[in-house]
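For clarity, chains are labelled A, B, C and D in written order, and residue numbers in each chain start from 1.
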Amino acid sequence: MKRIAVLTSGGDAPGMNAAIRAIVLAGHYFGLDVIGYRHGFNGLLEQEYQVLQTSDVNNIIQRGGTILKSARCKPFKTEEGGQQAAANLQALEIDALIIIGGDGSFHGAVHLSQFWSGAIIGLPGTIDNDINGTDATIGYYTAIDTALESIDKVRDTADAFERIFLIEVMGRHAGFIGLSAAVCSGAEQVLLPELYTDRLPDLQALVEHIQTAQKIRGKCSYIMVVSENIWPGGAADLANQLAEKTAIDCRPVILGHVQRGGSPVSLDRILASKLGAYAVEAARAGKTGIMIGERNQKVVEVPFEQTWLKTKALDPYLLHIQQEMFDLVKNSQ
Amino acid sequence: MKRIAVLTSGGDAPGMNAAIRAIVLAGHYFGLDVIGYRHGFNGLLEQEYQVLQTSDVNNIIQRGGTILKSARCKPFKTEEGGQQAAANLQALEIDALIIIGGDGSFHGAVHLSQFWSGAIIGLPGTIDNDINGTDATIGYYTAIDTALESIDKVRDTADAFERIFLIEVMGRHAGFIGLSAAVCSGAEQVLLPELYTDRLPDLQALVEHIQTAQKIRGKCSYIMVVSENIWPGGAADLANQLAEKTAIDCRPVILGHVQRGGSPVSLDRILASKLGAYAVEAARAGKTGIMIGERNQKVVEVPFEQTWLKTKALDPYLLHIQQEMFDLVKNSQ
Amino acid sequence: MKRIAVLTSGGDAPGMNAAIRAIVLAGHYFGLDVIGYRHGFNGLLEQEYQVLQTSDVNNIIQRGGTILKSARCKPFKTEEGGQQAAANLQALEIDALIIIGGDGSFHGAVHLSQFWSGAIIGLPGTIDNDINGTDATIGYYTAIDTALESIDKVRDTADAFERIFLIEVMGRHAGFIGLSAAVCSGAEQVLLPELYTDRLPDLQALVEHIQTAQKIRGKCSYIMVVSENIWPGGAADLANQLAEKTAIDCRPVILGHVQRGGSPVSLDRILASKLGAYAVEAARAGKTGIMIGERNQKVVEVPFEQTWLKTKALDPYLLHIQQEMFDLVKNSQ
Amino acid sequence: MKRIAVLTSGGDAPGMNAAIRAIVLAGHYFGLDVIGYRHGFNGLLEQEYQVLQTSDVNNIIQRGGTILKSARCKPFKTEEGGQQAAANLQALEIDALIIIGGDGSFHGAVHLSQFWSGAIIGLPGTIDNDINGTDATIGYYTAIDTALESIDKVRDTADAFERIFLIEVMGRHAGFIGLSAAVCSGAEQVLLPELYTDRLPDLQALVEHIQTAQKIRGKCSYIMVVSENIWPGGAADLANQLAEKTAIDCRPVILGHVQRGGSPVSLDRILASKLGAYAVEAARAGKTGIMIGERNQKVVEVPFEQTWLKTKALDPYLLHIQQEMFDLVKNSQ
């Protein structure tokens, strides 16, 4: 094996640069050339790349975003796109391609494998943590700390005014950010997609929870963490409807894309470093068609299909303490 | 003089606790009793208060929010409300009342002075910095750093995707947060209330600026800082309209109430400490009807009326460099 | 079971308050009284305590330190001390005692069990992560992020001046903070207690690594993370000796007690919440003589003796990538 | 005027990159070439430079350190050095040189002016704020927030253990960082160079202050901010001596070079942007031999000699409240 390539695809996540750095350092440790494709699969289609030396990854471990840029790329998923990508990889004599991204990126990886016989390795890079087979994804740890810092600030204001705030966090189909953010901010309520797969949250029950809370504690602050996509119109519309029903001021805060950026926290840098290094080792060992993840503090290899066939569950004990033991209504009876 | 009281009113701001602490420490230094009214003017109407010892303000200098709570209070502004407040202050034998808040709170102070002959001193506590007679208001410095940290994070994502983001910041009638946040985040565009007093921003001009920027630099990230209230429907609607016209993805990020909270930065703690201490000295010296502010690094006394009769202007040189010299279009011609 | 007590002992760690909160909330959920002893085992000896209501733990999840205070306590470890503590616990009709602390605190727990028949449960609270049987200790995650933030800042200066910095981190007998901080800051060198159990680091080898690094990369910044206690006189003396030998400026930075404080990061809050809640459940289930920890994302029960009889090992893969693959000298050959 | 050059010299400071960016953007706005010398005056002597395009300063406003690197340079201060520098500037046809640095750098500027007739403009870049003629220096605002964040963390631990901590901050000859950090952290004591110009602090008085504090408040935390260089052997030795005299645990924390790094806070970015832009305007207007500073929120021009001939004083009111009104001993009598 002489030459490997790396690209970042899909939504960006803090720690992608740490993963790129790890791949470049490990690649050079084993005497390999490392190529970086730019703009995700677009770069693969348009042969847009740069050679990555160790000096190129100096001091990027602490940077958010991705030095290789990312993008969505529809044409890649066609047969023609797959053939073009394969031709480009062959032209550069690439032996292995490492793809850092989420669910969609891994589907892209499998698509590519129909046209190209080189090794394809995936790294889970997404803040949503919604990839099966790995305990955490690169970017997830930073995203919950970012959400937490914002909610801690809102708590100051909520307390000062004894007000109700709805905080909308990312996680369209997965409540990992939502549940973690709720537990660690001491939120009074949390609405997660896993809990509302076939129905909407019950508005009346939400109103009663707020009212009971205020009976128990007197007027006080109340924070509800809401995953995006749970309520039609989002947290803003839900806030309006609650305000109407409770005659109490309810304010929405939409954390939005702030959650994707920022310097990665230590755990994301460590995870990215381990997975990136191991990806190079796996490629050298002739592995392909796998995502490198971490389970129970050990690096593991997961066939791409397994990353999406099964849905990773929320931590049931964490859910239990948030919904039961720490619930201020149940807690005070 | 034997007894002073303090309350926080209007929107909360980081540093209010530092101001309360300063008032309590200074009060005790001069041998005064210090009373804290809770929930702003509501506490005054309902005689809801607590005695404040120095031990009560231990370790609050670093806390966001306000230990005295805040609230809006409509009944206070009636004649009956003023009389009730005056009676309560007399009942407690308060000699001076220090009010920490914004514009509306100072109007409340003047209203109260019609019914009560004690000394009334104001401290400017609001993130918006929209109070004439003081270079900065308590909370403003923290708010711009909070906005900045979020925009820095969005920049990571914007860069990775070479995308356009609209960041909505607070400041309904004043562009201080908006201008500062734009300059220090290196934003490509900024929309401030001072620049659009009688018209909407020109959508076509905004589109052209974006398109010219992309011609000059190639595809790249582009950040527009937008003060709330500038565009009907806010930054979210403006993003939609820009996206339609440019056929480019435009994403809104609404910073919202996050900007009001958080541990105050050093300058807000210093400002609050100086103004709070001086407010007690002013009250002892028989002053009344004034806000304590800071101009050119000196503590100053400003009659309440002057705080709202004149509108404080944005820094013209800062506006000039943002709009002219650092404008990437003008800069590249 | 009617009444439980909690205390914090040994060095404080971020997340201790989150654990106290979890214990109080879970206690009240099960209808128990919760007593908080103050100043660690001292409070037990002197019957210094407070009743803890759910309102007492409002908004403490985000606070560093411990609302119950901590202390070292020598008299407790005598027979007389143990008897006094037992008598006090009986006088208050305590059924179970939960001790949040490190290694020394668990020895204290075992000592107490000789004199008192109530349930004794431990929670691992220490930044050092040096407790066997749990993947992480409460406070560890925050400590590495705190160290990391400081090292990131030093890197700015090191880069600007192309200078050598030695960063001394906590961890007298365990290199967890040191190794994690080194990997996630991209440090060029790391000195950990596990690697130097029977000898000092080889000064000449350190000098040569620096010199080779500078040959390879040209003049550049170089950061060495050093666990406290590795070198006689600490990082400051080591820096002096390196400077003498290399004729290059070497600066020490001693992070010190800054690492113990700060608002806990999300993972410490989550860990503390889970372990605290489970501790109450374990006590209700009649368990005693155990620490509650977390392994492989599951809450586990660990007999006290096992927490110290075996030494928890550093992650070998993390050590490998730091020492081998990411080593800039080995990496460039 | 066709071509300007810029360099950073002396200790680095957060915001130097923001100043470089402002100079490059303003330079291009006026159609000038901009050259960046590397490694301070060394680059000038060795003609080590790079052309700076606007794309080179994209996204550097938020970075600590300096992209142009800095260095100390002794040979420059000789006559030969001055002549060499002048020759190099002429060879590149530089019309104006902008020097970002502190006191020593401005002496270098004056030295250079004996040999070169081009315009020389200085920008105050140092965390110490010890330059006369400007209210603040670039980097100062960030440094006090960095110090503050660390002290806030130490306060957590100090409180938990009711312990005494000495925090050593930078500022060898100027107490700006020390005084600000003390006020905004609510420190119980502060030792500043301005207060001890001709003698050491009185150890016995320090001991008595601690003991009186503990009589008044009971056992509690106590934080003393100490400027470097005040006590022989630094805060570490002072802590030892206090511990001996008080028989109480006194711990030193040396903040060190952490204070120089980090992403600049908003005020440093704004100051750097204004001063950098104005420096280019001043050069175009034929000005030379001046530092650009800011006083009373207006950009000002200050002849180099005035920047060091007079010593800038600490804010007397800030000193007064810290030493008198907020002193917990005086405050409780």
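The definition used in the following text is that contacts are C-beta pairs under 8 Å (C-beta built on N, C-alpha and C of every residue); 3 or more make two chains touch, one makes a residue touch a chain.
Here the structure is a predicted model, which means the values were calculated and not measured.
**Student:** Applying the touch definition from the top, give me the chains sitting in contact with each of chain B and chain D.
**Tutor:** Chains touching both chain B and chain D: none.
**Student:** So, comparing C-alpha centroids, which chain is the farthest one from chain D?
**Tutor:** A
**Student:** Distance between chain A and chain B based on Cα centroids, please, to the nearest Å.
**Tutor:** 34
**Student:** Round to the nearest whole Å and give the separation of the Cα centres of chain A and chain C.
**Tutor:** Spacing between the chain centres: roughly 28 Å.
**Student:** Which integer distance in Å separates the CA centroid of chain A from that of chain D?
**Tutor:** Roughly 39 Å separates the two chain centres.
**Student:** So which stretches of chain D touch two or more other chains?
**Tutor:** 152, 155, 159
**Student:** So which chains end up touching which?
**Tutor:** All touching pairs, sorted by chain label, are A-B, A-C, B-D, C-D.
**Student:** Can you list the residues on chain D that touch chain C in the complex?
**Tutor:** 8, 12, 14, 16, 63-66, 69-71, 146, 150, 152-157, 159-162, 165, 251-262
**Student:** What does chain C use to touch chain A in their complex?
**Tutor:** Interface residues on the chain C side: 18, 21-22, 25-26, 28-29, 54-55, 58-59, 61-62, 135, 141, 144-145, 148, 152, 155, 159, 180-181, 183-186, 217, 263, 265-267, 269-270, 273-274, 277-278, 295-297, 299, 315, 317-318, 321, 324-326, 328, 330-332.
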